[in-house]
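Here is the structure we will look at, set down as structure tokens.
Residue numbering begins at 1 within each chain, and the chains themselves are lettered A, B, C, D, E and F in the order written.
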Amino acid sequence: MPTAIYAGSFDPPTLGHQELIRRASSLFSMVIVAVGINSDKSNLFALEERMQMLREISSELRNVEVTQFDGLLVDFARLRGATILIRGLRVVSDFEHEFQMSLTNRTLAPEIETAFLMATAEHMFVSSSIVKEVARLGGDVSKLVPPAVADRLKAKFKHG
Amino acid sequence: MPTAIYAGSFDPPTLGHQELIRRASSLFSMVIVAVGINSDKSNLFALEERMQMLREISSELRNVEVTQFDGLLVDFARLRGATILIRGLRVVSDFEHEFQMSLTNRTLAPEIETAFLMATAEHMFVSSSIVKEVARLGGDVSKLVPPAVADRLKAKFKHG
Amino acid sequence: MPTAIYAGSFDPPTLGHQELIRRASSLFSMVIVAVGINSDKSNLFALEERMQMLREISSELRNVEVTQFDGLLVDFARLRGATILIRGLRVVSDFEHEFQMSLTNRTLAPEIETAFLMATAEHMFVSSSIVKEVARLGGDVSKLVPPAVADRLKAKFKHG
Amino acid sequence: MPTAIYAGSFDPPTLGHQELIRRASSLFSMVIVAVGINSDKSNLFALEERMQMLREISSELRNVEVTQFDGLLVDFARLRGATILIRGLRVVSDFEHEFQMSLTNRTLAPEIETAFLMATAEHMFVSSSIVKEVARLGGDVSKLVPPAVADRLKAKFKHG
Amino acid sequence: MPTAIYAGSFDPPTLGHQELIRRASSLFSMVIVAVGINSDKSNLFALEERMQMLREISSELRNVEVTQFDGLLVDFARLRGATILIRGLRVVSDFEHEFQMSLTNRTLAPEIETAFLMATAEHMFVSSSIVKEVARLGGDVSKLVPPAVADRLKAKFKHG
Amino acid sequence: MPTAIYAGSFDPPTLGHQELIRRASSLFSMVIVAVGINSDKSNLFALEERMQMLREISSELRNVEVTQFDGLLVDFARLRGATILIRGLRVVSDFEHEFQMSLTNRTLAPEIETAFLMATAEHMFVSSSIVKEVARLGGDVSKLVPPAVADRLKAKFKHG
């Protein structure tokens, strides 16, 4: 039974991420949610905080593990014996970069599959960066992120 | 362990289809390759012939079943206890219609998942309609379809 | 105060069409819903029936008129003194043809504006052709079209 | 009669922006051109200078007001009683981000409409960033921006 | 010095086609404009008439030859010693099919190159099918096709 | 006989770049590979090093010259008497910016043509930025870049 990896920066996790984790957990025997350690990128939430939020929003799913990874995603997948990489399929936004990365992963590790799952229509346009933009400007993000994330975003931008 | 359905008209099956069947068979416990009976569409190959070709090109895969279906795909999936619909992700061609159909399937049967798998780069642009166009004009399709299909195409267009 | 035209074949009208008519009616002083008489295209519903359905689903909107038109849309717009053509903006489907037609209309009648309105996310993927495909195969279209249209579709495909 | 808002960073305004303001002014009773105060983004022109240029290029249009706004665009729209957000529809460039932002605005303020207007073909590919790139490299921008903007760009990059 | 082929159905030739022929003729030593004999497709203009129109609109270009071809385009290219296939690059419309066909041609004849040339912005949205649609509905096509083609379209649809 | 320019930042050159240079050299009498001096962009490899790599990977092609340029590309083209700008056509990635830049170049210098050539399918998804991302994370880039480039990348990231 295959193990799947759902990797990303999750800065912060959105309702779209939460939904995808739930979907993946019903399809595969084990789902590893892997937060990338990318020193180049300045994140709003610390690595530990992002992992904590992911654990909270997936706490009811038995076969989901939240962890971090460094280096190439395909190397991490091999290390963990995972054979599937899960990606969310969104019409707009960063699809092209994901697609390109997936094809490069194929070149690097032909035995690892990438499966794109679709979010529901109402989550198809939610991204972490839009969420941060709205929260920074004082907007209500309760329809875009899980409650636990909304609270943390509010706290972050309180004195902004 | 989930059962997946890979549906299409497969008129005829291409190397891209063959590859996707192989990939799906390594990810899921059971893969049902389902040829749609669509009375509206005029096909080059008869339903039986398409199923025969699909059986030949997947004969080495134990967990693959080739069959036909009528009516809505999601109804067929429910009937067979399948929870995943497999689609090939191609950059160009009929992606938009597939995407739209997938979202409609979501509305009709929220419990059934659609997973898009990527073909390798060299198969990403092969489609049944291009194959037929090339074969009709006398071109060599041996790099686009499995040998068994190439032979049948040659026979079809011999007296064309 | 500008008059807007929302033209299409509406074969049949969907929830997306209904929503767009409602939106347009709140933006413009007068909205003419114009069903094109296109002899080339074989429609499921007769012209009169499509106009009847459109009247039913917009009966509560005072400033909406349902009518038919022949010939070029921009000529009809000039005849009626309309200065805006309304189009639904959908991510997928026939967007490209609409876009091309809009640019051609610009060439033919520079004084007439085209305004694209967005459907809500859940209607963004609904099209008349998908609706017909689902109904023909016996699927439930109640989440895709208004009740009055759903009943007529059921009647159409009863003996299918 | 609805009031429309056309928001952006306008750094600097292009011929495409100018054209869109003119179009919007003929469609709506009042058009507010709103320059966003975005502290995150480093602009070439100061806020005041951008507003000055916008006033110059729309001076002949009676129902256009140029102003600035802070925070969420939909909050500003509510404050001003505007019910329509105007966006330019361009084939290429930043369309996807605009689309995503528009869908997010829909979630935040369902009563506010977004209308996309098309630029003419020759302006469809002009963006503020391309204009700055050309001007920085010493190219002639007179076919891309209004004369008043061209002069200011020349002055900016004189000692570059 | 390479010979280029610009193939299509040209039913009828548009201003975009005319412009592309002119551009290609300045880049390559010889340009063969090749009208495909496609028995499957019902054309408005007879093959001879399309070739006649192409000859008229390229009569001033010394290194352009108008001819017909049957079978695979790459076979025709080999027969004529051409090493480049010219395609018009348009943002919208049938780009995807062209792209797919080009990649298939690459598979069939790796030594033959495909070069995409861009039309000017105002011709980027003109297609033969839009032209026919406008002409059929009685619209003015004089900004979309060369004069000789406009006259013939008018004659065709006179009694329509 | 026309001279073509293939410009870029080539940071570093990939197998896709190498292939395109080879293709262009067989189509045009002279190909100038021009590395842009863009002070705004922080590159991994110094200008001299990038030119050196380009010379190494095109050393067998007689009619290829590697050089640098400053300012507008079209000004450089005029200076060198080149009438064609070569671009690689990739399905994904930065296509839109290239397209926009090409249309702007058309405005600035109508007499200079842009020709898009297609990479082969397996190189269509390779970009300099993906290559750097993979190399930085310790991945094997030998299928993405020429050997000489792979060695330099390894050296760069040795102590990373």
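As a convention for this text, a contact is a pair of C-beta atoms (placed from the backbone, for glycine too) under 8 Å apart; a residue touches a chain by one contact, two chains touch by 3 or more.
Values in this document were obtained by computation on a predicted structure and should not be read as measured data.
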Comparing which residue numbers chain B and chain C contribute to their contact, where sharing over half means same and under half means different, the two sides are different
So the chain most remote from chain B by C-alpha centre is D
The larger set of C-beta contacts, choosing between B-E and B-F, lies at B-E
Among E-F, A-B or B-C, the pair whose interface repeats that of A-D, with over half of its contact pairs matching by residue number, is B-C
Distance between the CA centroids of chain C and chain E (whole Å) is 33
Between the Cα centroids of chain A and chain E the separation in whole angstrom comes to 47
Multi-partner residues in chain F (2 or more other chains touched) are 91-92, 99, 103, 121, 125
Pairwise, the chains that touch are A-B, A-C, A-D, A-F, B-C, B-E, B-F, C-D, C-E, D-E, D-F, E-F
So, in the complex, the side of chain A touching chain B is made of residues 1-2, 23, 26-27, 29, 83-84, 89, 91, 99, 102-103, 106, 113-118, 120-121
Interface with chain F, chain A side, in the complex: residues 71-72, 74-75, 96-97, 99-101, 103-104, 107-108
In the complex, chain F touches chain B at residues 91-92, 121-122, 124-125
Contacts from chain B onto chain E in the complex sit at residues 92-93, 125-127, 130, 134, 137-140, 143-144
